[in-house]
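Shared chain: chain A. Partners: chain B in the first complex, chain C in the second.
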Partner chain A sequence: MLFRVFVKKELETLYEILAVNHVVGPTSRGMAKRGKELFAFDYLYDFQDLRLDFTTTTHSLKPFVLPFQETLSSFIIEDGSWEKHVDLNIYKQHVFFGVHACDINALNKLDKVLSEQAYPDPFYTGKRRNMFIIGIDCHPQPFCFCRSMGTDTVLHGFDMYLTDLGDSYFVEIQSARAWDILQQIPTAEPDEEDHRRFVETVEARNREFSCQVDTSDLTKILDLEFQSPVWEEWGKQCLSCGTCANVCPTCYCYGVSEHVDLDLQGASKIRQLYSCNLIDFAEVAGGHNFRPDSSSRLKYRYYHKHRGFQEAFEESLCVGCGRCGQACLAGITVPDVIASVRGQEEENE
Partner chain B sequence: MNKLEFVDVMPSQGKFMRKTDLTSFEYSYQAEITSVYPLTATEKLYQIRIIDTGLRQSFNFQPGQFVMLELPGIGEGPFSISSSPTRHGDIELCIRAVGNLTHFLDRVPRGTVVGISGPFGTGFPVEKMEGSDVLLIAGGLGIVPLRAPLFAVLENRSRYKRIDIIYGARKPSELLFTYQHQMWRQFDINLDIIVDEGDADWTGPVGRITEILEKRIEVSSGNLSRKTFAIVCGPPVMFKFVCNMLIDAGLPMQKIFVSLERRMHCGRGKCCRCNIGATYTCLSGPVFDYWEVMNMKEAI
Partner chain C sequence: MEKGGRSYLGVEIKRPRVAFFELSSCEGCQLQILNNEASLLSFLSLVEIVNFREAMSIRSDDYEIAFVEGSVTRADEEERLKRIRKRAGVLVALGSCACFGGVNQLKNRFNDLEWVKHEVYGDHPVETREVQPLSAFVEVDLSIYGCPVKKEEVEQIVTNLVLGKSVDHPRYPVCMECTAKGNTCLFELGEPCLGPITRAGCDSWCPDNRMGCWGCRGPADEANIIQFREVIRKHNIPEEVMLDRMECFGGFRHILKEMKGKQDKGQME
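Entry: the complex of A and B
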């Protein structure tokens, strides 16, 4: 791995160099009711709009790799037959300027199931292979539990990763093209002082983490507590609205529907992201629903994230970003649910 | 100069070969509905043939696997292949008109071109069953996925020992493939049929499927030989009763195979709709042995 440092004012030059591509970055979206600033990833047209000091965005990068609605194929219907056309609808590289470790980890997890398994998804893979990612270290929020999920740092899946050392950026370089780009701004080999400051920054950040989840033996505990009454209790609170899946950076499930054009000359097959909390998620034709009550659906969600994915890929499908807990209308958070399943509520209160 | 180079992940459109190819994701064979036989008031047997002769011949599947059938603009759904694997891409699907797509299929004429993708999922290990007794237990529509392994067994009848089919339905009018029952019996197969409620013409037994199974186990004096394989498919409530009886009769869990039904939107291990825990029914199933079923929560 190669490291460089550059002074902070060169960041704008770096931005301008990359601005010939589509640039997406964190930007302010106004204030929430409680005076909290809201951030979102969006296309940027001016360096001034880039807010690298962002806390967390409501949505992750997911809409850029798994849009909420996407046309999978279109059909031309004529003479009693049809022809199928597939358009991935991606033509250009996207630069993602300023992404936290949790969101890069989320993409790496999605890769495992969407790009590296049998039947890789070309719609996702096409977008993923056309990403230039510049990561940046974060300031842990009170609801972040990425440390517990092992996703507070990221080892691959980005091009360069910036760490703020005060007056300069420490940059970790992961790809040849990132190296080439950095040749165009003045950078220096990090010296001992930079190393010391880097370690200090990392340690200071580590001290900021306040929220924790006990994930030890979680797969076994989830199996053992499958019939636990706590699921019923959470089920009563859950509104089955699917907001958690909407904001989750790793929720990838979807539904497919087909639509006929009004002129009957064509049709299209459209997929929409779905949520396992929605009532008809597992309902089969004929009306049998394998998960008819909200508690079984909520339980399935935890089961998939923390048990099943672990079994398949030896890691959890949760990156600990805490977005689901922040967005949940009923205030259900992952740390609370897991603590209750482990029977640890009292200790946390 | 600083423009990053675009990576085209599908440079050769139209080529689909392996499951690992990106082009295979949205690929479907064009296939024609060559004939439609009404079996009961709601179920029909569709003969569907892949139009391209080369592709039809290279379409290989294991009994128990399923295909996704697509009608452009109407919908797509998973259906168990119910014909013999030796017929390749000349498949038969037995479909009950129950949802949006299937009600539409109920009305389409012969010659309609549909899309077929697959085959997907796991199959029954019929080769491993050679030299053994085979017990096929089907409830209602469960006979549909069992017909493919049945054909595979019939075509090599001499390689198997005793074969029993225990088939239960709600009413005599709901029995499927009645025109073939005589043919199956001619192959030295013990076919026992039971219905929940008989009608005026019904002369066979009335009751639950477990009653017949009990009698079958009694024939083997309470203990099924260890050289027996069982294949079970039916409504969710049936699995537990039938599988527990088989285990009590001494059949090892890994010799009991079930075919599970779940909602599916892709068939390719992506959409998560068919997940049991995080096991994809479309990749690891739909055929599971009972040991796997015991290890999945909410499977049956």
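Entry: the complex of A and C
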């Protein structure tokens, strides 16, 4: 692994070098109630809009790799014949400038399902192959439990990863492209002092974590507590609105529907992301609904994230970003749900 | 493809005779359909419009699909609706007035309708009675929600009707469409919104423009009212604000009745 350091003012140069591509980064969305600043990932057109000091974003990077709606193919009928069009909807390299470890880990998890299977999803994979990712260290928020999920650090899946040392950035380089790009700005080999400051920064950040989830033996405990009355209680609170799935960086369930054009000369197949909390998620042809009540739907959401995925890939599908709990109007959070299933007092607030 | 011919799957394509009617309403839903100039010609070749007072002068009573906008507030409207029902193979309730009574039904909240009549019309009384949706008098085959309806949705529904495809409304609440856009939740900004309990399909039109949902499409299939009241309370929004909005279009009428019933029962105990 290669490490470099560069002074902070060079960041703008780095940005300008990369700006020939589409640049996506964290940017402000204004203030919410009680003076909380809101952030979002969006296309950037000015270095000044880049906010590497962002706390978290309400929504993850997911819409850039798995848009809520995406046309998979379209057909046009002409002169008794027909033509099919498939468009992977990616035309230019995307630079993701400033992504926290949890979100990079989320992409790595999505890869396992959507890119590394026998039938890779070309729409997702096409976008993933055209990504240049710059990670940035974070300041844990009171709802962040990535440390419990083992996603507070990221080992791969990025081109370079920045750590803020105050007056300079410590860069971890993972790709040849990143190395080449860094040749264009003055960087230096980190010295002893940089090493010391890096370790200090990392330790200071680790002390900031305040939210935890006890994941020990969780798959077994979930099996044992399948009939637990707590699911009923959480189900009563659930609004069945799908917000948690939309803000989740790893929820990938979708449905495909066909839309015929008004002039009957063409049609398209459209994929739309869905949520397992929506009432008709498990409804099948003939009208039978396997999960007609909100408590079983909510339960299966947790079983997929923390048990099913674990069984298939030996890791959880949850990265502990805490977005679902923050976005949930009913206030349902992962730490509270898991604690209640384990019979623990709700410790996190 | 030739009209009256076959689709690429060999299915016979019919060009149904379609009529538009309005009862008590602002006719805004019909206007929505006419508003879509870009696709109006395609729409007109998909169906044969034989009756559409807002758009043309020719009238025919020979139609297969009838779109009826508006609510029933007079005896003659009831008669007219029943006549339309007899002639139409498919009767579509177009817009929230036809589906739930719409804004018109706000007057139903007053106990003394004679007083209402006098307040509005003074010394020039007209015949008007309690506002009812179409389904109170005739069988409705299909409902298209919204105040006003969303033209793209109407076009998709009509296309599906012509093709014999099933028409599926979203069964989930507006939040699903709103969060998909990356919007900032209006509750975060201190705005009330009925998004969590209202049927989607509007493409979160109002919340996109930072206007909280008023519930014009009525409740989602699973509208968790008990928890929603809790959400309103937690955000320090007066319950009246929520009730006012739920009352506005009539879609939540049954839920409000149930809530009121429980409240009255609670008071008696």
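Criterion: the second predicted complex is superposed on the first by the 339 of 349 C-alpha atoms of A that agree within 3 Å, B and C clash if a C-alpha of one lies under 4 Å from a C-alpha of the other, contacts with A are read in each partner's own complex, and residues count from 1 in each chain.
Throughout what follows, a contact is a pair of C-beta atoms (placed from the backbone, for glycine too) under 8 Å apart; a residue touches a chain by one contact, two chains touch by 3 or more.
Just so we're clear, the structure is a prediction, and the values are computed from it rather than from any experiment.
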Touched partner set for A:Asn89, first chain B, second chain C, both or neither: neither
First, second, both or neither for A:Ile181, with chain B first and chain C second: first
Partner chain(s) touched by A:Ala282 [first = chain B, second = chain C, both, neither]: first
Chain B versus chain C as contact partner of A:Cys238, first or second or both or neither: second
Touched partner set for A:Ala40, first chain B, second chain C, both or neither: second
Which superposed partner A:Asp223 touches (first chain B, second chain C, both, neither): first
Winner by number of chain A residues touched, once chain B and chain C are compared: B
Partner chain in contact with A:Ile77 - chain B first, chain C second, else both or neither: both
Partner chain(s) touched by A:His259 [first = chain B, second = chain C, both, neither]: both
Overlap of the chain B and chain C footprints on chain A, listed as residue numbers: 75, 77, 82, 259-261
Chain C contact footprint on chain A (complex, rising order): 29-30, 32-33, 36, 38, 40, 58-59, 63, 68-69, 75, 77, 82, 236-243, 246-247, 259-265, 273, 275, 278-280, 294, 327, 329-331
Complex contact set, residues of chain A against chain B: 17-18, 20-21, 72-73, 75, 77, 80-82, 84, 86, 88, 91-93, 95, 113-114, 117-123, 125-126, 129-130, 132, 177, 181, 184, 223, 226, 252-261, 267-269, 271, 274, 276, 281-286, 288, 290-291, 296, 300, 303-304, 307-309, 311-312
Complex interface listing, chain B residues touching chain A: 2-10, 13, 19-26, 28, 30, 70-77, 96, 98-99, 101-102, 111-113, 115, 236, 261-263, 265-266, 268-273, 275, 277-279, 283, 297-298
In the complex, chain C residues that touch chain A: 1, 7-8, 13, 39, 42-43, 45-46, 155-156, 159-160, 162-163, 165, 171-173, 175-176, 179-182, 184-185, 187-190, 195-197, 220-222, 224, 226-228, 230-231, 234
